[in-house]
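Each structure below is given as structure tokens.
Common to both upcoming complexes is chain A, partnered first by chain B, then by chain C.
Moving on to the complex of A and B:
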């Protein structure tokens, strides 16, 4: 209920302003949904990523030309017919970029998922159980840490002469989990000695429950950023493999486009439209994933999360960031602040320096 | 008496927008030179938020949404702490206002010697000071707080809890600040040690002439050691008066409740009574006086109108103020 101001003023004359009525607030603030999207980085990153996923799904169906089809328009610059121009065989670059989105996104996310699942299982088990299990699993991840993934893939794909995208995703996923496993193991080691974990162990919670309900929520941010990092790594690996000509048989992807552009000396021919779209596609996908990664980092702290945003505007129009030690002041006092100087004699040298 | 710190209409919120929680509401408080001002109240009443707000030490998402904190230096003109630039604020802290934190004895770094941690402040605020004079100052400070100077080279784990607390108090005083804010500095110590440390603090204050804002929920401690007591409830100050006045004749039912919750050492026996209910939820404050749902004397205006802190209409009501409809106020104080 609200109180009419006039009645307050009647009770204490002249103090209506100070005893300003306060509207009764609802007992519980509504749970805010989609808070993660309030973060601009997260929203921007997710929108771009969403577009990529969309094109990965519908890309091959909406290509204006068959990406393999040759035509008589050889090395044409972008035009209304060919938005991104054509290659040395008259193939449409736009169709190739669209068609190439699916394998990139597919390999990236599949490899990321495999690596994340493996790193979570191995890292947390090693960190939480300790002892011999830890020794064995740590040794295993150390071995995988030193396996060079790309040379290994070059060898494997050259043995199998028709390596599918699924196989490439599997190889990337199976070789790139070890770094995240180490990070998770270290974090788990620190978490398992915390009081709330010890308490749940003391009350007899099952190990799987402690790991699932007490540990995992604390590791969400680490796992999520590990996943994003692995996806970026997998995308770049696939494109590297295609660029050096290893997986060209597996259909179009951005690396294949770059492989042909490089092979036909697109740069020397001045055919920028041949390699720029694919390069930008890679760059934007990397940017989107990095933005999501940054947003996750910021989202980790429940304090910042509850605030929704960390930047705010002051009355004077400036923007202040919330940070520890310097609480922002949103002053709404009508008169300007007294801005007198500290007397120099009363100051320490540093204070004197600061007021100069 | 000359004021050293004036808090005017200070408002502090946690969070932004319509989900913000107002933790400190329109607080007006004046700290005079050489005075010990006690700040009492239940957990969650806004005591610590007020202290951290006026020094701008609140961690995110804390925001100061309005008000002024006027500091009067010994020499020179008063200025608003909330308007200081980051650099000036950094220089202001410790040199003018020092804080002894809650559980301060765990704030010492376990891998550095006491001497290193004491002289570090001097190094930061006065880089031209020689190492010899820094050490001399640190020794002097230790002696002041009752620790033998040969403990200079001790590590924190070699000291007892009480000694660590004294080191922290000494560290707070090492730049001779005008205002020392103590946020429940003795809650982790036993009562004997509490008394000793507080006695020493009062002695130091008489010698060095600083003012103290002492935050605690232990009202009995305040009655003994402070000059004035301000009682907070639900983010507001509900009563403010000299310590003896509050003890003898508290006006606000909440202050009375706090006072009757601990026994007196001397005098006639009286019944101990707690305050029923629990502190208000700052996100959903009751209308009117925030204490009215728990107040034994609540009557008609309490649930609809917020009482204003003002001078009560009583014969000895010169230097006190209260925010309660039982005691109609004449004029605002502060």
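Moving on to the complex of A and C:
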């Protein structure tokens, strides 16, 4: 999905952070936060996420109808009375979507928190202590990583009949911590031989203090990025579980709406309004979270930023493509150019290649 | 070689862990689930099925936990996964055996194609950073945030219909009998196109993004500058120097995220009523058919482990460092 990918998307962003271990060195926390918001992706993502959180809080109070209430308007397309149309029982889809926001956001964030706490404990302990502890904990997280999470969740949830949202968040949190633990372990491994850590060890700081005050602040970006990734994964998992109808007891959420739409053959009836709003709600939430994650990655590893314009117009009207590690050398001869000309003598084979 | 043996040991360990987990999950259920199942089926369960349920949930009073565990392993080695009661009296192993090829072919081929396309586009996007390719990223982000199954629903709505080339459900034309002949294979291919496209579109963006990021990171390495300085062609530097090194983390990422992908694709099968494991899982869920559910979980897990092993082999071929150690 999942997942991942979809499920895969949440798996991947960590790599950017992993790839540049030397980056996350906050000078002043305040200045950094300000900078982070300057990133368009971060600002955009945070605004959308804020809206979702707002609706999660006030959603159930501002629904125009009771999401369960039946009426005589069966399977009506969107209208002024029913913004997103109605279901086979005349229920208002707009109210269902609004009412369903709270469980999704709640499960997403709770599962994300559980998984993040677990991954921080396991990942940092494994990375910092090393040796037998590391081997055991790494094997544990690798096992959890390889066992497919969604089928496992499906079975557990199905066996625990009528699971509440709290229980579902717990199940998702407990089965999806492993990726972050792995990333954090790798990052801790690279940090723990740094001079400043060695120095604090030499001055006799306690292990918990080194971990809490020296290591953790430098892992903030990685932890945050992992948290966001897990929230995306948790939301998709909840929707999946609800869509196949094994959490129907836990009230409305977007997956439940899709479950009913699918079960009542909304497609065959042409009732697109029944499943489009819920799907878009998921997609926009996921996009907002991914954007925040990209912004964190780019913040930690500035190279990943979209480079903006890499083709520059030279004074003489030609174009040169800028590349990392290269300085184009342009000729200063007064004769008129029709295109950017680099003096052949001043040109390395590379530059010749680059200006082709 | 040492690396390879380590990996095999790890996969055996993981398989053991998954099987043990599978053994304990039904034993976590509070109360007497068998009684409620019997009540639910109102006498439609045979004595044999009821007995196998008692064994499954560990409510067999005569035996200790250890003896049950040993019995469980004995059954597994005989390929006995119990009896399904959705498709009573077929054994679970037979039902899964029928469904597995569909899933393996659909998901396996699609995932590999998606990985290849995504990696290829990622190499391009990373190498040409700052060109129009950066515009691809927001679009792919959006698609990767959409649940696989929802995209499937939309695809069915938009692309199928009475006159459409794409069938909306099933794995083959219902008038045909599964066989390797000139009627069945085209029909099966035609039915798999839309599910495959759905999986492809929602999974490809993850690969594009990760490969792009790795390419960007790799292309500022010194050996890339050296390759340029030697006057090698742009293409050669991009493919043989940058991409080859950027690929390694992506391959291990591929192996590790297979579990996530499989979870998503099961749902695609459900939406398309594709006769694979996902579709059977849905039926098992509806009927609370625990033996079947557990069998499916076990088979999926083991398939993912095998796929991981294959990815490890690929890694072994691509990264000489892993071979040197042994």
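Quick note on the criterion: the second predicted complex is superposed on the first by the 265 of 356 C-alpha atoms of A that agree within 3 Å, B and C clash if a C-alpha of one lies under 4 Å from a C-alpha of the other, contacts with A are read in each partner's own complex, and residues count from 1 in each chain.
One rule holds for everything that comes next: a contact is a pair of C-beta atoms (placed from the backbone, for glycine too) under 8 Å apart; a residue touches a chain by one contact, two chains touch by 3 or more.
Computed from a predicted structure; not experimentally measured.
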Note to self: Under the stated touch criterion, which partner chain does A:193 make contact with: chain B (first), chain C (second), both, or neither?
What the structure shows: neither
Next item on the list: Spot which of chain B and chain C makes contact with more residues of chain A, would you?
Entry: C
Check: Is A:262 touching the first partner chain B, the second partner chain C, both, or neither of them?
Finding: second
Margin query: After the superposition on A, what does A:155 contact: first (chain B), second (chain C), both or neither?
Written below: second
Check: Looking at the overlay, what does A:132 touch: chain B (first), chain C (second), both, or neither?
Finding: neither
Notebook entry, point to check: For A:282, is the partner it touches chain B (first), chain C (second), both, or none of the two (neither)?
Noted result: second
Check: Shared contact residues on chain A for chain B and chain C?
Finding: 1, 3, 7-8, 11-12, 15, 19, 303-304, 306-310, 322, 324-326, 348-350, 353
Margin query: Applying the document's contact rule, which stretches of chain C touch chain A when the two form their complex?
Written below: 10-11, 13-14, 17-18, 21, 25-26, 28-29, 33, 129-131, 134, 137, 141-142, 144-150, 153-154, 156-157, 202-203, 205-207, 209-210, 213-214, 216-217, 219-220, 224-225, 228-231, 233-234, 249, 253, 256-264, 266-267, 270-271, 281-282, 285-286, 288, 290, 293-294, 296-297, 300-301, 304-305, 308
Next item on the list: Going by the contact rule at the top, pick out the chain A residues touching chain C in the complex.
Entry: 1-13, 15-16, 19-20, 139, 142-143, 145-152, 154-156, 158-160, 179, 232-233, 236, 239-240, 243-246, 258, 262, 267, 272, 275-276, 279, 282-287, 289-291, 294, 297, 301, 303-304, 306-311, 322, 324-326, 348-350, 352-353, 356
Check: In their complex, what parts of chain A are in touch with chain B?
Finding: 1, 3, 7-8, 11-12, 15, 18-19, 21-22, 24-29, 32, 303-304, 306-310, 312, 322-333, 337-343, 345-351, 353-355
Notebook entry, point to check: What residues on chain B touch chain A, complex-wise?
Noted result: 9, 15-19, 26, 52-53, 56-68, 70, 73-80, 82-83, 85-92, 95-96, 124-128, 175, 281, 283-288, 301, 304-308, 310, 329, 332
